[in-house]
């Protein structure tokens, strides 16, 4: 993790989660990936977006977990859901059926055209590191209205070309969605612990649009595996509010407590 | 209705229902058509086949109605079912999925090759009589292990060639199932108020194998729209037992009583 | 997000002349009240989709609302024919109605495919049936893995679907229970949707895997008490079988039908 | 018709060396007890199918039962990698294991298609993904109505499926409740099926649209109390998250793994 200077008492991870949470508007239906996306989505629900609809691929529709799930299918998700459907129904009716506004994903690798790799590092037939695989991501990325991505910034994660396109961003040349019918907008923002990036409307190459407080452009470049572009008018990401930090910390405390017992 | 001489006190309709009921073995899973098939299938369940599994296309799985349903989706069917599934699930998982041993159908018209017509009398573009249509029958007839058919015998119903093949028996030439993969055996018996017929194992033409007590071959021929064949050793259909008649009459009484109030 | 509207306003807002409309209900929970409101508002040129068009479609057809009917079994269940449908198809009264017919399996799969966002449904169906001769929307494809010939039909994607359900909560989440038919699929497959309910409650009070349709997947909720009579609502009231039988005589005769509609629909309020 | 057997006898009768086996459970109701019985009986050359192979498949792979794994997400949920799966794929220990990978959407559809008796599933999927480059079972077809290019995958039709559920009644009808995953589809798609349950009861005591699998669609029921631990059973016991975290260290090391299997599976009875 790079050094980040901050005016207030919060971590870079908290900055990332709060920024990711703010991206979710109230009333959005969000297909939530486990881990960082789930943390951000629930923070949104507990702060500015009480009516955000959270959907997990385990079949839990409109769930309101008190504590963060460790897995995509924790009992907490079912117990607090409006209803729970089968996994085929989830992927067919709710995701493919076009009911999802935002797919919220994490990833192991991401490249300049926002393609995601969660399959493996190295060559497919002789992998250096075997990763878990695609899971829901390939179709979340194409069937959701748009996609938010959140992950920690590092040269290992932000690579010029992913080793394998598990999940389409904009393809190897940025043109992978052109002319494809019945497909969502794809990634519209990437939120890290350093900055916020968006794809260039023309070339689809990721552009840093906002630096988190205290973060420099050099730090972002240092943590990125290609020559990253910056927007002409680079914003400063708004800091977390006291309330956001309070709610996030309480959520993580409740979660730690709940999981410690098991 | 043709005249039928009987040694006991039962009607030709009761003879038909009891004979149709006896065709269903205990433990069979049966996809039940409304009307005569439903009456026969429930009589089977209430007599020799307590573990017959009755499935109606409305989604009611393993149902045990106290009274006969008027429609395919009466509340009684749901209230006495093991569970009730959606109609797409019923047709996809339970029928097409190969879980049904016997499809039990009625029909408006049937021909010598056991093709069924429930679409219309006359020409499709200018029908003399418009009938309700296919409903579940086209796929029941091909996806169930085998098919039983029950209807009243008349020249209007038993025609040389159906006006329209809604539902495959053995096709216009008896060869309609030859070489078709993933298809059931098709009709294996037809039970009327006069006799029992089965398709010839070679030609697939319907052959009378059993005459109900008191019924003559001439009566059957008179009620059939083509020159019907009779088996070399023509059986006499066993008569209903006192218990079968008692159970059937009680069932119909309960049904009349239940429906009169509504 | 579901808005709780009067039945009048829901139908006025979402059912346009010329629209493709699915009012579903497999014997159970048939949206009669909504169908009557469509008749009262004099909607025209509708393409009516339904697996089992029964009395409410007979009424809509006889009242002149329909241009086309897409269906798989058009009868009065347990009673006989739909005489208004027959009169329209056979004799063109009150005007000619086009029909496109399928089997139940194909329509159920087509609703499922519509809900699943697919352009087509694939099934082991129509083998040896002559329905493909008279319905050019039935085609056949070859499985790329096995070479098997399979039937294909276009998915159902109505402009508006209307269903009746037991209850909604105040956020517009709807519980459907009992014989659920293709109601959920009809709602999810449609561009717009209206759900009439017996009542709006604070809490649906249900179980983990109940058939609940979230309010954000529905456009309008309208309360219509006994809104599916003479059909029934599991847990609320039974089917009025007697009316189904009586309908046969009413519908056989154009004048008797017209008078019935006048008295029971046109001159009745939203509760009809 | 479901027969109530001991877990030993059910596995011995229905799981043959070389079989294609789906042990399903989407985080919830994972059939650990059954998986351990498969390990104890030394089954070999299995093709293991599962959307989310987790610890029980890691254990089966490390114990040498698997020849091939078909999956869509192979990790320890919320923790990290499946080290036994990785060791087999990357280093061939205890022997080389072939993998065939899909996305969740495709596998969910493939289970659905298997249950529906179809040879293939069709989906709007794999657009722009490189998975079709490494999995020749992913193909594309053209919609005969719209011309749209759609993905197709073969349906899943296991020789035997094994799932865990809350309870069965004495006729072998099974209730699955909570996160139901693809369990029903796995059972219906398979040639044979085993369901382990927490208990056998007189009455399932459930609601009209519960996920109940009839006994006549199942081959064997075996009672396995706490049979999904360290996974969980909604209404019975929570997930042992701590074990999921501990597994990471156990599975990283071949010796630690071997010792764990020896102590907790091989030398344990059917209750393990």
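Order as written gives the chain letters A, B, C and D; numbering starts at 1 within each chain.
Quick note on the criterion: a contact is a pair of C-beta atoms (placed from the backbone, for glycine too) under 8 Å apart; a residue touches a chain by one contact, two chains touch by 3 or more.
Just so it is clear, the structure is predicted and the values come from calculations on it, not from any experiment.
K.L.:
Can you list every chain that touches chain A and also touches chain B?
P.N.:
Chains touching both chain A and chain B: C, D.
K.L.:
Centroid from C-alpha atoms only, then distance chain B to chain C, rounded to Å. What do you get?
P.N.:
That pair's centroid distance is 28 Å.
K.L.:
I'd like the Å distance between the centres of chain A and chain C, where a centre is the mean of that chain's Cα atoms.
P.N.:
40
K.L.:
Residues of chain D that touch two or more other chains: which are they?
P.N.:
Each of 112, 117-118, 123-124, 148, 178, 180, 184-185, 206, 208-211, 234 in chain D touches at least two other chains.
K.L.:
Which residues does chain B have that touch at least 2 chains other than itself?
P.N.:
As it turns out, chain B has residues touching two or more other chains at 78-79, 84-85, 92, 96, 143, 182.
K.L.:
Select the category (line, ring, star, complete, other) that matches the graph of chains linked by touching.
P.N.:
Per interface graph, the chains form some other shape.
K.L.:
Chain pairs in touch?
P.N.:
Applying the touch criterion to every chain pair yields A-C, A-D, B-C, B-D, C-D.
K.L.:
Which bits of chain B are touching chain C when the two form their complex?
P.N.:
By the definition above, chain B touches chain C via 34-35, 57-60, 69-75, 77-79, 84-88, 90-92, 95-96, 115, 119, 124, 127, 129-139, 142-143, 164-168, 171, 176-177, 180-183, 259, 262.
K.L.:
Report the residues of chain C in contact with chain A in the complex, numbered from low to high.
P.N.:
Those in contact with chain A are residues 1, 112, 115-118, 173, 184-185, 188-189, 206, 208-212, 214, 216-217.
K.L.:
Which residues of chain B touch chain D in the complex?
P.N.:
Spelled out, the residues of chain B in touch with chain D are 27, 29, 53, 61-62, 78-79, 81-85, 92-93, 96-99, 143, 182.
K.L.:
Going by the contact rule set out above, which residues of chain C touch chain B in the complex?
P.N.:
Interface residues on the chain C side: 26-28, 51-52, 71-75, 77-79, 81-82, 85-86, 89-90, 101-106, 108-109, 111-112, 123-131, 134, 148, 178-182, 184-185, 211, 232, 234, 238-242, 244.
K.L.:
Quick one: which bits of chain D touch chain C in the complex? Just the residue numbers, please.
P.N.:
Result: residues 117-120, 122-124, 137, 139, 141, 143-146, 148, 150, 152, 154, 177-178, 180, 206-211, 234 of chain D touch chain C.
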